[in-house]
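Dropping the structure in here first, questions after.
Every chain is named by a letter (A, B, C and D) in the order it is written, and numbering of its residues begins at 1.
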């Protein structure tokens, strides 16, 4: 047997490099919070944060494990409605409602995931779509509990001891702290044994089975994790806007989440952030388009998939590298 | 009894529409293994084109019919040429997102052309409804049922009796082998798109007189049509037909005997059940789950 | 059956195929096939096209389960085991067309192969506790060692799809070895390789044998099979035609007839 | 009866005085601009509400500015589109409050969007005049939230009053499964007993459903005296068609949600004989000259139709009234939001196109039962019922 070679630096040095990213990220968030005093900008940033958590949650499922979901808004909605119902109807503290919301999302994801994740390709897309539709109809028709189509009013704002998240700045910090947490979780997962197994399912499901990966279990687990983070996003959304209605969690919302992931780039954490930011800001910029918004939106989706199927982050890097190669040769 | 008959009439009318949309899904899936999430939007374009050609320009009905089908199929051809054939990496996820994007795009375009208002046009013939045992059957319903059945029969003959039809089927079974025997598989894919989307246009045509047509009418119809196709067995012509009628009648019965607020849920619950229990659909055997 | 006990002293064979029968619809692919694979052997599985080699291979690999009969591995019945469970039992495989995880680097491919011998789960990965990091480091060392073993250690951080085909084959073997299998199933490992590469492959397989891994080999390249196999099983039309050492097989008349026609 | 008559006189008097003040007031010198926010569903599914609302608001602002503004302050309207989406409405209202620093906001167009923005205006203490129908917007009363659209409470009351006169005792209701239909259903159920009416069957439909005969068959089985359909176009037109096709020979009542010429066009011949409550705008030309709102209505119609070259809708009237009311309240406040709020709460007898508004501390909608009239569709046009 040959002697064991020393491990390469790049491989071993991955963890500290991540820590530097996190520190930069936190610093940037803290500074942004200090220097941006206008509540409107803080609110936009807060929405970007919530959408990023959503995009990240779907990216774990779709980008890494390669399982498309057209019903992700259902879990977002389950998170929002659970906390709304518990805090308003049952006077529960939001901080107790949060674990309940996540638990219910996990429970539903588990039940739904067992039969649904047997499906692949278009069938999976359709299965998740059907699930999302049914959940939305439940939100709309279970009037006593959810307030029905008119929506749910009066969700309390968050408070933690002396800190009130009624202030937009505090809420901004809260959401971005949650986002940082999600990023850390996602990043750790991706570079672990589980992350490699997930990516292997994406590349070749039957080769993954052949190296001993229980693909079904793993898919269900990542579906559940993804649902949990979507529920967290729903919780943050509900307590920010304090009003929710079924329209915010419909099929279009599911498509929007998919779009965020796809535009930013599948299997890319920072891509999810980029996608979520673009899709949150785009309507603000597209106000000028008003009636053209739908056309532009559909066109962007199609074009990115046709021209840059890897998404903006990876696609642009690829183009840049290709042009560099051309220059060199 | 009178109620049940009325529910059945209502169910068959809607069922025929679902069926013909489902046939469109099945045709395309059979030869390309693509599920076109934008199919419902072609139904919408068909309906609105008829509104313009027949309702506003007052063209004779048969001419308006043909023109509408030509216009919609032409749109479908462009869609295939520019959105599907140009895809570098035809993964499922990529195709799902492209067709979803196309559906939003087409809806946006339709909104720009026809505006946000709804339109209505009179039925093809203005006879009064027929009274059968106290239940009313619309003449337009008869039109719908007859046209959808005729289309399916015509398609059946096209696929089984004509050379082109057989060529498409050959491509669907094995592209390479078909290519070796000299069948231009690229053209066959295009033809499948045109046929599938043409079926969507027919669905739009027959539905226009009984409902209100607007730019956002297509999505739900498309989804219900898909549920019907899955129910019958994706890829099967007769399966799509049967699936459509079953879905239509179950919905009407559901409204009649359970609750109208859960009407939309019926289709999706059926969809999930069929996906979980028997992904091949009612018609096809269990082991056909191709992907 | 004429069993040779040249290399092994164990009482039980590592793998025991007992009257296995398999049919697909009306087509009978395997009729009552029985043979043993002893520990420390390389067993070659040969036969003309349509003889049932691939079916037998897939039965052992868990892709199908036999219609009748039993497959016993390491004294346990593995008839009903799922594909991924077999890896835990100690059976690992490669594919005829090389199925790598193309979006991953070379070393990551090997590390996926270690899936069943590492433990870290979802919570472990998220918490990144010291023992998880330790496991990860250890896994990485072992993966590097395996890459060195097949001669790909210099390319550990390359994307696996960037490797030339012959190296991809080696990488796939390294991945299959990463789960520390007792039995390695090789599906036409020499397919698509040139003469030099085939010879190197033969050397590598011998080295693997030295690590104590038993192997079953389905291969068309007769010279490779004859050179490295300890025992050869010849299948024809779903039945065993002959079992024996390469020399015995080469002089077997029935085999000659089956191959060269009557 | 007597009471309302004298009341009307008082209102008339106030109206005359106010109009007088308008004419007398001289164009003052230019001062700081008052920024007024507007959030409407200009595009999207509810654009039939948002689009005329936006136009009406812009029109009023222009008229006021042409006259020299309020107390010498010119007005500036900043209008954002919500697309009917609560999240976008929340973003827009925050932008208005924090970035544009408006002193008051008009809109949103829909009940869900209105409910979504209320917490934000309450927090920032900015007066909001909503143009949506839902009762929940002003009940319970929130200090900073007002609205000009008639509540469904009044529409339902108008329908039930008419039914009582016709001797209708049992009804079947069919409502659209969205916020408008649901709110209507609740009011229909709540007020039924008051008028001695029994709801024998409750059904719903999706606004894009192609066929409602199944629901109507179910209603027919319960043998009601009349059917009430509560929704916005195009669903109710399909209901009208289906009622006709099934040959149900009982009166069909629709809601004010379809009170536009579009409905008659969509439902075609099936629209014949349908009853519905509507604001007076739709039938302004049919109103007797002595009607207190006649002048205001004709004024709005003429201005709008000459400016935009399209016909008015009752929905634009909500924003028209809201802007006029706000303009009145703005006087003498110097842009102080608390003063504007107080002025709004104290506003009495404003004759708008939607109705006559009397705000109090407990009543932030301020409309009386006379805001609705009942009409019948006859020969493809409206017929005013007494």
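Definition applied: a residue touches a chain if its C-beta (ideal position, glycine included) is under 8 Å from a C-beta of that chain, and two chains touch if they have at least 3 such contacts.
Owing to the predicted nature of the structure, the values given are computational and were not obtained by experimental measurement.
Touch-path distance (fewest steps) from chain B to chain D is 1. Set against the C-alpha centre of chain D, every other chain centre is closer than that of C.
With centres defined as mean CA coordinates, chain D is found 76 Å away from chain C. Averaging C-alpha coordinates per chain places the centre of chain A 41 Å away from that of chain C. Spacing of chain B relative to chain C, judged by their CA centroids, is 49 angstrom. If you average the CA atoms of chain A and of chain B, the two centres end up 33 Å from each other. Across the assembly, chain D contributes 43, 177 as residues in contact with two or more other chains.
Touching of two or more other chains is recorded for residues 141, 291, 293 of chain A.
Screening every pair of chains for touch gives A-B, A-C, A-D, B-D. On the side of chain D, the complex with chain A involves touching residues 42-43, 80-81, 83-88, 90-91, 94-95, 97-99, 111-112, 115-116, 118-119, 123, 134, 136, 177-179, 181-183. By the touch rule above, chain B contacts chain A in their complex via residues 34-35, 83, 86-89, 91-98, 100-109, 111-112, 219, 223, 226-227, 230, 261-262, 264-265, 268-269, 271-272, 275-276, 279, 289, 291.
If you check the complex, the residues on chain D that touch chain B are 43, 45, 47-48, 174, 177, 203-206, 208-211, 213-215, 217-218, 220-221, 233-235, 237-238, 241, 245-247, 262, 265-268.
By the touch criterion stated above, chain A contacts chain B in their complex at residues 62, 66, 68, 70, 115-116, 118-123, 125-127, 129-131, 133-134, 137, 141, 251, 255, 258-259, 262, 266, 291-302, 305-306, 309. Every residue of chain A that touches chain D in the complex is listed here, in rising order: 38-41, 43-44, 47, 140-141, 143, 148-151, 153, 157, 166, 237, 241-245, 247-248, 283-284, 287, 290-291, 293.
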